[in-house]
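Structure record follows, encoded as structure tokens.
For reference, chains read A, B, C, D, E and F in written order, and residue numbers begin at 1 within each chain.
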Amino acid sequence: MDMSREIAKAEVLIEAIPYIRTFAGSTVVIKYGGSAMTDESLKMAVITDIAMLKYLGLRPVVVHGGGREITDMLGRLGIPTRFIGGQRVTDVQTAQVAEMVLSGSIGKNLASDLEKVGVGAVGISGKDGRTLQVEKKKGHHNEDLGYVGNVVHVDVTLIESLLDSGFIPVISPVGIGQDGATYNINADYAAVAVAGALKARKLVFLTDVEGILADVGDSSTLFRSLTVSQARGLMAEGVISGGMVPKTECCIAALDKGVRHVHILDGRVAHSILLEIYTHRGIGTMMTGDDEVGSNDQADSEVGKEEQA
Amino acid sequence: MDMSREIAKAEVLIEAIPYIRTFAGSTVVIKYGGSAMTDESLKMAVITDIAMLKYLGLRPVVVHGGGREITDMLGRLGIPTRFIGGQRVTDVQTAQVAEMVLSGSIGKNLASDLEKVGVGAVGISGKDGRTLQVEKKKGHHNEDLGYVGNVVHVDVTLIESLLDSGFIPVISPVGIGQDGATYNINADYAAVAVAGALKARKLVFLTDVEGILADVGDSSTLFRSLTVSQARGLMAEGVISGGMVPKTECCIAALDKGVRHVHILDGRVAHSILLEIYTHRGIGTMMTGDDEVGSNDQADSEVGKEEQA
Amino acid sequence: MDMSREIAKAEVLIEAIPYIRTFAGSTVVIKYGGSAMTDESLKMAVITDIAMLKYLGLRPVVVHGGGREITDMLGRLGIPTRFIGGQRVTDVQTAQVAEMVLSGSIGKNLASDLEKVGVGAVGISGKDGRTLQVEKKKGHHNEDLGYVGNVVHVDVTLIESLLDSGFIPVISPVGIGQDGATYNINADYAAVAVAGALKARKLVFLTDVEGILADVGDSSTLFRSLTVSQARGLMAEGVISGGMVPKTECCIAALDKGVRHVHILDGRVAHSILLEIYTHRGIGTMMTGDDEVGSNDQADSEVGKEEQA
Amino acid sequence: MDMSREIAKAEVLIEAIPYIRTFAGSTVVIKYGGSAMTDESLKMAVITDIAMLKYLGLRPVVVHGGGREITDMLGRLGIPTRFIGGQRVTDVQTAQVAEMVLSGSIGKNLASDLEKVGVGAVGISGKDGRTLQVEKKKGHHNEDLGYVGNVVHVDVTLIESLLDSGFIPVISPVGIGQDGATYNINADYAAVAVAGALKARKLVFLTDVEGILADVGDSSTLFRSLTVSQARGLMAEGVISGGMVPKTECCIAALDKGVRHVHILDGRVAHSILLEIYTHRGIGTMMTGDDEVGSNDQADSEVGKEEQA
Amino acid sequence: MDMSREIAKAEVLIEAIPYIRTFAGSTVVIKYGGSAMTDESLKMAVITDIAMLKYLGLRPVVVHGGGREITDMLGRLGIPTRFIGGQRVTDVQTAQVAEMVLSGSIGKNLASDLEKVGVGAVGISGKDGRTLQVEKKKGHHNEDLGYVGNVVHVDVTLIESLLDSGFIPVISPVGIGQDGATYNINADYAAVAVAGALKARKLVFLTDVEGILADVGDSSTLFRSLTVSQARGLMAEGVISGGMVPKTECCIAALDKGVRHVHILDGRVAHSILLEIYTHRGIGTMMTGDDEVGSNDQADSEVGKEEQA
Amino acid sequence: MDMSREIAKAEVLIEAIPYIRTFAGSTVVIKYGGSAMTDESLKMAVITDIAMLKYLGLRPVVVHGGGREITDMLGRLGIPTRFIGGQRVTDVQTAQVAEMVLSGSIGKNLASDLEKVGVGAVGISGKDGRTLQVEKKKGHHNEDLGYVGNVVHVDVTLIESLLDSGFIPVISPVGIGQDGATYNINADYAAVAVAGALKARKLVFLTDVEGILADVGDSSTLFRSLTVSQARGLMAEGVISGGMVPKTECCIAALDKGVRHVHILDGRVAHSILLEIYTHRGIGTMMTGDDEVGSNDQADSEVGKEEQA
């Protein structure tokens, strides 16, 4: 009986041991969006990965976006969409549609997809349990954006209660203002706020890029790990530019709030979450605070750090 | 200093004592719909009543409907609505819209209204945590109604976990089939299933009628309390007829599942829930199993029964 | 069906909501004495009020007096009573009679009255569980008063254990000295010591006056709320004089020990406790620390303060 | 260094090991009365013994009498005392005095004596927490005895709560009727009811006799152990007679309710409780159910039985 | 960036998901012996596998043998070894040496090897905490085998306490008799007794054969799964013969005691435990009760069964 | 019936009360060795004493030696033993034999002796649960002693877990190095390390001397108590000399680590542990920190101190 193929399988499991050991019990926040949310087979890979995190003893929390779906629904309802500086101007009607699409459709369906692979999940909006409390946000030039909010406080009671009962919270980026009104929130910022409030060990952004690249056209220039200082340097030098600037700022904000590692992953690669967390080589860019030792082979170094602690 | 008005207030509080004592710690399921959901001032009265139940130590659970809002949204989206035997024929597209409206709009807004008066609340759909598990339902003449479901199992884990953490669950009548698909559920039936699975002490239907009347045109013929046998007799005699028949059957089904009292209240009267539960006279019709002693003054008798236990 | 009377009832309940919400879980110490203890119908009103506090989620603790009853019993036993500066000179025999009357008669009967309205209660003396530990107290001119004690330490173990088990502790003002002897304690001082040690939210004195009045002959001059500074000013100016001086000093002492509000109520008004705590208008005088904002409508302001916290 | 005296001490401790092991965690009810309650040095020996039981890991509960003290107080108050068939005819006034003396004086003082030797204790009456619920008792010839009660139900909530908090409950034999009135209870019967309701391992009667003797004038005829059948036989033969008959019936009643061993001890011998429970030879008479193997050396046999279990 | 090798890794992890889900929280007893205990590299593979079980949420318990090491030590000490019917005749001296070698050398070293890979482990003998209680065992022809014992009772208190504290118990097959003497136990029988008492989900025998084969010389005739009936049939037909008979009887005995699956694995294949439990194909023979559906692909069927439960 | 002998027994028990009260719940580490371990009847007395400590509510921990038995076994195996400065030079082979004898024979047998008198016990080595972590120790003149270790860290997890589950840990002085190797540890030092890490109340050395004597030939010169300063003075003056110097240094080291009392007892006196702890007179020498008041009658002073605290 030739066992070699089987033994190779065992070796993959064995390779995962130090990562399983290191991360057991940790909270991981996943910002879910982009291609990984629209392509059905990628979607199932993400759902499976999140379930696996749960089985391996982590406490996953999902924050999802849904701009495209909101725009679609607004179109079907004949409501015009306007953007200022990349942000959707949100009147009462738009806010209602956004909430309905995010909380009533996308979030509930993600929760039910997770249920299908055997893990309990609950779709909540940031209004449930007053989880995401916001204040009105202005445009960059002080324009009135309507019901667009900045998270000013996260009440983690509901999230913690769901995690403690074994459910995965699936959070739609809708918040509640002091005035009781419903506000739309940028999903990346919502994820940062949630991860910070939970003191999550990891925040994972599923994106449509490979990570942070020195040369956007050349995959081989991927930064496997960056410290905050390095990232700031790259932004100053213009190496990080365009849409990666706000994403990078989100990473830095999360690290500032006490998240230990932020990962920018390519959601177009199936199982990118598992690969990043449980294999030596990893995939994508991991960002850490300056006091964390970075290396080209980030997952290893992270586990290595644990071993010495 | 004339104290008479003050003392009268104290007497109302004192009158409530035996009811507070009797019901503390009990679970109460409220089926919320009708005028009480559309008239803004009635809505605030209901929200306040539910908050009061929570402050007085009960564990309230809300199940809401929303047929009118679904029809509106379908209209705006140009999707035709068809009914067979009073039930909405629900294709995939209709099911998606229904879920979005129920879970993403109505439920979330009720939860956020409750938050505004200071009690924690969470809008969940029956798909979250696989709470409402359904099978496909056929029309009375075996017509295919599409994604319309009958609840076959309620997993109370999520509801209990929210109650134990101090939140009021606000449940939209959307279920999950064995096939993982989304099904629309009649809200009255959903409320019965939830109340039965929770072994609730009370199930309250907020309706647009005063209760069960011997003569529909004469308020003075209201039955204050009915046993299952009496109700069955009234249906057989045709005294209960029309739309009150399925409502009455819901009451009987809930009592069969172990709910102790089912109340049909007039949601058009402000604070009808508080009045029914915490004052001697009550309002509306209370239905009980045959082993419960009924009387014209139901709340009293119920409390009285408790006292002797 | 005319509902107006019923709806008025609901409004009283609704009026109570913010107070119920604010005070749930709080400890309230009630110093019980005066007419409210001797008039049978007032007594039942007080007992009912205390039971209501329990049903509304508070943790009531009762400290009672009984000077009149002690004097009666001493008289029946032919033991002469002597007072110095308003304090009873207490020899061994007198101390025994006082303990017997307070702990064996008054306290046990209050506990059993509370049991009759359905709440568990236990009559303890300050000697049980070494709850009230005292040192010998001298008269104002250093006279020997015998077994009269000042509380120097409260061991709250027994009181907390009874509260946690759902019982209302009914405490008689009898203490234990370092020498193991039994000491009589002024009931007002005992109540202050207990409220302070429990960090009670409220201390309520049931008295035979309406509260603190600017003109003792004119009810309309009642102070609805006073800060410590204001009270000190009124004593300095002689507005507060006579028997109200030591009572006021008790209030100040309790506030100093961390009690948040002290109420002087007219025990001759039925249900004065409920009226003070659960209605907007209140009754009697509420005293607070200087850092609490006072107002003529004290209960409201207190609740209002909570809302903003 | 001659160690023989020291080693003899160690042997006494060693002798106690199997008894300590066997009885740890058990509930023991002690009916306290007779000379052991009036003689100061015997009283201190009893108090010390009870404290020792607590230190050795048992859960002691004390039920005390006080007939003599009640009679004294009635005398001082000029209230005549009448007995029918050995039972005090108890009018309202007598009941009040009895309660006052038992709960307000004797019980509180026992609790405070226990506190002095370092164990927490609380004096409760059977009315506290509705612990002893009674019905009116008639005389043997159906005479009206007034407020004399038979225990019909023991609510152990308060007793268990005190034991769990580490306090020794000291219970005075005063009960509460369905009518809410205060009733006097025979202390032996109260002890039996309490021991039965607690499923106590042991019930100890401290008496003024050596135990059950075949010949009342001859100590050497002491029965060290008796089964229920043997005791019934001795009553039938008239060997057990006079005042020992009701005492023996109490023992039998307690065993019927599930108490495992009932001891009749000579309270005039210092430390009789410790000697009976923790030494081989024992003292007094131990009564057991027929299914327990009796022997002349009861404690041993009891421990022996345990060892084989 | 070519991801194919990485994605293949992810697929192995994904393949493990249903098994991880199914077995989380289960107790697995591993009988450790044979080549896997003497070959250093196989030993590290077993140690790693056991650690992995722990990281994946199982509760592993190890029972080890050590006949060879005992024989070696007896030889070094000049103590002759005699066997009757394959069982070591064990005089007092031999029993002492066996205990010393098993508990003092092999067990402690396994525990310390587990500690080296980061999981807590404790070497206990069956005498610790009276875990393995035995009676004297006779030879097949009633020969006196000396201190050889049959397990008659397992006290799981110590094992459960260690598991609950996060330690892996490593048990040496030494027991305690009623007489307090030390007895040697066959390690396979000890493992069966432990697995039965713990109601383990799995019992794994690490052996030096591939499993149960139809033709011992032909690996391709391996039975991947067998029911008890099938195994009994194979023994009756002589297909299972020689040393596999007692091993098979052990499997049946364990299934009788409530263990759900017993695995006979080839300890000579590195990571055979992980492969058997976490991959589709498995390795070795799995035996189940007749009520479990067997199949050629056992692990799948087992997981499949779970899904439907 | 002459009760005098019985009453004398009661007095011994009564004498023990303050000690029982003072020491309940405390951890006591007993270094067990010398004659008390080799003489069978002394051994049973020690075992009984340790069981008694457990019954009286203490948490005993045993650390044992076994040099003589190791030397015997090495002799039987023909392995030469070499000592440098009183310490055994320990090559790999010697370390294996030492571990086997200590953990596999002596420890397991002590645990099983404790089991025989009815208390649960578990023999662990310092390698189990990485309890005793060591570094290599050199001889006084820097000689290589082989696998001889100094304890550098005690992980109390396993010990605490066993104590909490009601077991007595019996620890053999074998440790684990950073390199994973097995090291021999001096049992006195191991006991000091364990007592210090547990913040034990008492550390008891069972020795073959009476305690610390001013004149080694004269028992009457026994120091009943010594402070650290006094002990240091006696060493400086040469009054404490020879083998008592390292023992005294052990005592001082334990007190430095927070142990409150260290006792040097004569293990040749039966029940010396009980006598020292539970009688007024005590036996042996008790050493305390300088801030503890010493006296000739140490146990009393210790208890006395407690009383005033």
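Here is the rule we go by: a contact is a pair of C-beta atoms (placed from the backbone, for glycine too) under 8 Å apart; a residue touches a chain by one contact, two chains touch by 3 or more.
Keep in mind that this is a model prediction, so the values were computed, not measured.
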item	value
Smallest count of steps, each to a touching chain, taking subunit D to subunit E	2
Counterpart interface for E-F, drawn from B-C, A-B or D-F and sharing over half of its contact pairs	A-B
Interface composition of copies subunit B and subunit C: same or different, split at half	same
Cα-superposition angle relating the copies subunit F and subunit C, to nearest 5°	120
Per Cα centroids, the chain farthest from subunit E	C
Whole-Å separation of chain centres (CA-atom averages), subunit C against subunit D	38
CA centroid of subunit A to CA centroid of subunit D, Å	70
Mean-CA-position distance for subunit E and subunit A (Å)	44
Euclidean distance of C-alpha centroids - subunit A vs subunit F, Å	57
In subunit A, residues with contacts to at least two other chains	none
Pairwise touch network: line, ring, star, complete, or other	ring
Starting from subunit A, with subunit E taken as the next chain, the full ring order	A, E, F, D, C, B
Touching residues on subunit E, where the partner in the complex is subunit F	76-77, 96, 99-105, 108-109, 111-112, 115-116, 120-125, 127-130, 157-158, 161-162, 165, 167, 174, 176, 180, 182
Touch list for subunit D against partner subunit F, complex	1, 3, 6-7, 9-17, 20-21, 24, 48, 51-52, 55-57, 118, 210, 219-220, 222, 269-271, 274-275, 278-279, 281, 283
